[in-house]
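Take a look at these structures.
In the two assemblies presented below, chain A is common to both, partnered first by chain B and then by chain C.
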Partner chain A sequence: MTIVTGKAEARRTLQPGRSGVLRSIWEHRADYAYVLPAIAVMLIVIAYPIYYTIELSFFKTPPGLQLRDKTFIGFDNYTTILTSEVFWAVTWNTLIWTLGSTLISFVLGFATALALHRDFIGRGVLRATLIIPWVISAVAASYIWKWIYHSDFGIIGAVLVGLGLADRPPNFIDNVSTVLPSLIIVNIWREFPFAMIMMMAGLQTVPDQLLRAAKVDGANAWQRFWHVTFPHLRNVSVVTILLLAVANFNSFIIPWIMTGGGPSNASHIWITHIYELAFGRQRWGVASAYSVLLFLILMTLGYFYVRALSGNERKEGSS
Partner chain B sequence: MSTIAETAFRGRTRRHMRVDGWRWAGRLFLVFMLLYTAVPMIWMLITSIKSGFAATQFPPQWWPDEPTLASYQKLLDPQNSVGQDFLRFFWNSLFVSTVTTILSVIVAVPAAYAFSRFSFPGRNFLFFAVLLRNMFPAVIFLVPLFILMRVLGLMNTHGSLILTYLTFGLPLAIWLLKGFYDNIPVQLEQAARIDGATRFQAFILIVMPLSTPGIIATAIYSFIGAWNEYIYAYTFLSKNDQLTLPVGIQRFFSENTTDFPGLMAASFMMSVPVVVLFLVLQRYFVRALTEGAVKH
Partner chain C sequence: MTRITLGSAVLRGTVVTVLMASLMSTSALGAPPVDLSKWSPEYVRSIAGTQNFDTAADCAKVTPLDYKGRLTFWYQGVFEGDPDLLRQYYKDFFDTFRKTYPNIQLEEQALTYNDLLDKFRTALLGNAAPMAVRLQILGGTEFASKGYLEPLKPEDVGYSTDDFWPGAMKAVTWEGVPYGIPTNNETMAFIWNADIFKRAGLDPDKPPATWDDVVKYSKQIHDKLGIAGYGLVARKNAGNTPYRFMPQLWAYGGGVFDEATANPTYEEVELDSPQSKAALQASYDMYVRDKSVPVSALTNQQADNQPLFVAGQLGMMISHPSDYDVMLDLQKKATGTDKDKAQTVIDNMRYGLIPTGPDGKRAVVFGGSNIHILKPEYVEGGKVDEPAAKAIICMWTSPEWSLKMAYAGSNPGNLNGFKTKWMKERLDNIEFLDVTTSMLPYGIPFPALPQAPEIMNIIVPDMLQNALTGAMTVDQAADDAAKRVKELMGGL
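The block that comes next holds the complex of A and B.
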């Protein structure tokens, strides 16, 4: 009997025990038929690329696409990266981009979810409208905002000039000091709806009795939020923040289309930098070494993600 | 007596004011978020019905003197070279996204079912491998897949896109569907098996119909993901007649950067299918997305 009815049984079946792993695998051979197609696809397009990237990160390649003529150079690509100035600039940008986008998206999304939690006329329409930026393509979003920031015809510049706050429309994305914040605003525009959806779902699980009891005990709105609602949403918050952080760390389209990493690398983040190294300058070895470092960072984040998720499951099991 | 009544009354008003304060702050905040969300989209629509000349004026015309649908007509006109390209990109996107979606669902349904119901050696490891895939960016896989596609002779074909889109479509589909299967009581299948059904029959006849909403949600999710995908299409395709919308639009307007109304109209048309799909089916969609993360 292989149908799992409970955690305990699952654990018992997973333990090879006396029969041995091979025998256990053999006994479950029919189960593998269900996952085999998925595993086959994943092996070709995931396992092989990871292996190839690691291999390539230890080689130097001639310019062009003659990757067969590579020469082994050990860890040289890694030292090249860590000693270059661009690396640290790009890492700093990535940090600001990831942390800024993640935290502000989360706070705005959470606050919107709270404000939408109470029922009122038009709530459904409002919610649907607020989600749309998340659904449309990042390419379209990039063009829309590029147009809004446009230094000659942009709407924000026009408003600033109209209010007398600026003599002429500022150059938002062609300026080293404003480009990153400007792109972060676009990114938040696309991402806060995700946090909003997650937190709205989370809010529905907060028991009403608990809130009412707190109210009877004289807790004000802020106290009720801080001592009842927020602790209850700890898990979903952690998962949401991690998912946002990973998505932001991996963003490509908005910086690539809006600025291509410029001006003078001011909006290059890791991903766009790797892309340029590989497909722009054809430095496949260095780009691969970057990818391996990226992989390690994401594995670390992934570890926390899995831990947060299994934290959820443990709770579910005990209740 | 009167003082007590007065105090009680005053207390109530103060509490009401406090509650109203929060409520008004909430409303104000929602108005702000609505402006932040909607103004860019409205500005896209307004620009798309301007003439090229009207779009490049300063200060901008908040509403065009002479609204025109010329940009849309141009994009949808198969006689026009712009329209030809745009419609071809549109069909390419539709084709790639649809095939990707169908394949993801076909492969993910049994896999998700197995992860939800069976316990076999390596199950947890495999499931976490699936889960972790979602953490890695396209860029990590781009160089080797680029090489792989060249070796397989798939460069400049839609096959290369469909195959790579499965890499992110599948893990997500498996994860979403597993959440749905977890919520379908095992007892239903056990009852069917007592009545003489095989495990596979129980899966097809009992579980599949119950998980239709989950399958729909998963399908929309992979469709939207494939429709919006940019980086693989940007790297694998170079021939004009192969491009999908996100890349096509870029190629198209990098040559003629002054046609802002055209660019905004194209951005709008590219967003329409996914937004409509999403709005019609958002109930399923939101449920599927949040199911796994919020359970207590």
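The block that comes next holds the complex of A and C.
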């Protein structure tokens, strides 16, 4: 009989003097070798920009000078941000934009998913049609909606004037009080199909026999939804909401293309304000400080997202 | 008696001869090719087609035609508001360059006016800029002051400084050193629809004489016909806004600084002066009080005014001669009755001088673009192929191409362009060139300061938006803008 020593067996041989994390790394050195190129790329394209942004946030970068002529000012940029009126106005806009877009998109997507879960003629066509806003690029969507809203050519204004409901086409995106809700509508139009798809996928996982059993037990449609369907969709709902929240908090294209943050900064959210500070006004230091704060907020959201995902995996593993 | 030795006599004679020859050649070579003191539409017509130029032969003296090299080049290109004619000339230019210099590997990239500065700044921060760039007049000073640009004067590409507008050369000079060459110079005109004027009870052949008249006419057009009177543009981060508002501000006697004076010092901020506030008040009156301008003015660019104008929904606007060609392009694309309506508008399109302020002051932005070479340390790869860069600069700023690339809209940067046969042809084919030519003497350059892009693209539009949305009163908006300019100049 020939005895062949397996490599895996040899790899797990304990090395003298190695313990804990180091030992674990040593034991899995081949695995690390596989992911090393990816880690190297990540460090170059993600870690370094993050480090540089954090570094820049502690420097004054006068717009009339090159970036290399920056001077160290400690936390002054953060103080400037937190004591400025613009910061609070932009933060308020960002909260309205994020919460409004996320929650309404989710509710609308969920409702549509429930409606499309039923069997009826033309369901496939309707599903495909409703996905269109999501597959259209944000840039194209912004221009389409800019024309829909356009006070002089837009269809909404023309209909309102034609029906005698307005003397003059309304200023949807040229008015400080209506611009943000108008942009939120466009954003919801674009992303509710995403929520719809996620929830439709979730609905496929609800056990049919449970719904039938509930029906036999005399539960009405609302009770079946609330006590059977919804609990099964809780995790996918959390993940969907978090994904939407992160995407919205970070959303740039629609507000920038449609209004450029105007009029009178009424549609500036964090990300557009950072862009203008950095690339329009060359306040790299302040813009970096804003970016660091934005990074911390997004990391917090990301933490909850990962936790929600881990919860899902644990649950699936235990079932 | 002074004794002069033979040696010193020869020396003196030589010095005097060289000096005289030098003075003679300076006056002969340095004289401007056109007489700016005689400037008028008639004078321009009289010099058009009087001289021939061989661009390839001229540029061969700068960079041999068989030169082998590689060039990366960014330029402010054609955008949605430009006519098809301009697109064709841009295409022809790059085709011709490749044929003339077949061994130069050219990698060009066109960017729109509103995107170019942001993208160029970003590239410079990453030392990934192109070797040469054609920037709007507003941008050059910022990059020169930061040391990104190589010194570059017309003589470096075979021309004389006197071949270019003196005002345009000032805009490419920072602390006494020229760092670029003007490719084109532009001034706009006032455009109105004679048919709309007639239907609104105005004289169809007379544009408004003053800005107060513009406000009055705009209201009359809106009240009588229910359409927009004046094409106000107040979008933020868009070059169109300062190009249309600053002529109004200067005409009322205002300014950001003293840029409208003969010898500006840029020391005192004047955005909060009573004259500047009067100009802002005029916009407020049109947008808020009379509601006589497009409702969408705060998000509009000139490209949004053009379809309004061709649809007969706008009475007056400020723009280039090229807007006539844009209207022709739009008319071609229209269908059914819209085509006929557009034709009526084109037939009734009139160009006039931009109105004056209350004291008879007339002003327009002296615009255009300049071409530059970057320092190697900021360029992708760390090398600049200078002969290749000079080849494209020589060609673009030549009498032929500086004229052709500005064919439908503005004026050639090289004054010799006015003498070419293409100028003669252009005067016959392009409508209303005379008017913008007549506006040139009223041209005022934006302040040649590194801070000018932020002032013109952000602070001035913000001032307009703050006043027009009611976020601030006219006084508050002007005071706020002045404060921001002072802070900016103070290094904040």
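Heads up, the rule we're going with is that the second predicted complex is superposed on the first by the 295 of 319 C-alpha atoms of A that agree within 3 Å, B and C clash if a C-alpha of one lies under 4 Å from a C-alpha of the other, contacts with A are read in each partner's own complex, and residues count from 1 in each chain.
Keep in mind that, in the parts below, a contact is a pair of C-beta atoms (placed from the backbone, for glycine too) under 8 Å apart; a residue touches a chain by one contact, two chains touch by 3 or more.
Being a predicted model, the structure only gives us computed values, none of them experimental.
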When chain B and chain C are modelled together on chain A, clash or fit: clash
Which superposed partner A:178 touches (first chain B, second chain C, both, neither): neither
Partner chain(s) touched by A:261 [first = chain B, second = chain C, both, neither]: second
Partner chain in contact with A:24 - chain B first, chain C second, else both or neither: first
Chain B versus chain C as contact partner of A:153, first or second or both or neither: both
More chain A residues in contact - chain B or chain C: B
First (chain B), second (chain C), both or neither touched by A:91: neither
Contacts of A:67 with chain B and chain C, given as first, second, both or neither: both
Partner chain in contact with A:305 - chain B first, chain C second, else both or neither: first
Touching partner for A:295 - first (chain B), second (chain C), both, neither: first
Doubly contacted chain A residues - partners chain C and chain B: 65, 67, 152-153, 169, 279
Chain A contact footprint on chain C (complex, rising order): 118, 121-122, 125, 145-148, 228, 234-238, 291, 294-299, 304, 307-308, 313, 450-451, 454, 457-458, 461-462, 465-466, 468-472, 488, 491
Residue numbers on chain B that touch chain A, as the complex places them: 18-19, 22-23, 26-27, 29-30, 33-34, 36-41, 43-44, 47, 55-60, 107-108, 110-111, 113-115, 117-124, 126, 128-145, 147-148, 150, 163-164, 166-167, 170-171, 174, 186, 189-190, 199, 224, 227-228, 230-231, 235, 245-246, 249-250, 253, 260, 263-264, 267-268, 270-271, 274-275, 278-279, 282, 286, 289-290, 292-296
Sites on chain A touched by chain C in the complex: 62-67, 146, 150-153, 157, 168-171, 173-176, 258-266, 276, 279-282
Chain A residues touching chain B - in the complex, by the definition given at the top: 2-5, 9-10, 13-14, 16, 21, 24-25, 28, 31-35, 37-39, 41-42, 44-46, 48-50, 52-53, 56, 65, 67, 108, 111-112, 114-116, 118, 126, 128-133, 135-141, 143-145, 147-148, 152-153, 155, 158, 161-162, 169, 189, 192-193, 197-198, 200-202, 204-205, 220-221, 235-236, 239-240, 246, 249-250, 252-253, 257, 271, 274-275, 278-279, 284, 287-288, 291, 294-295, 298-299, 301-302, 305-306, 309, 312, 315-316, 319
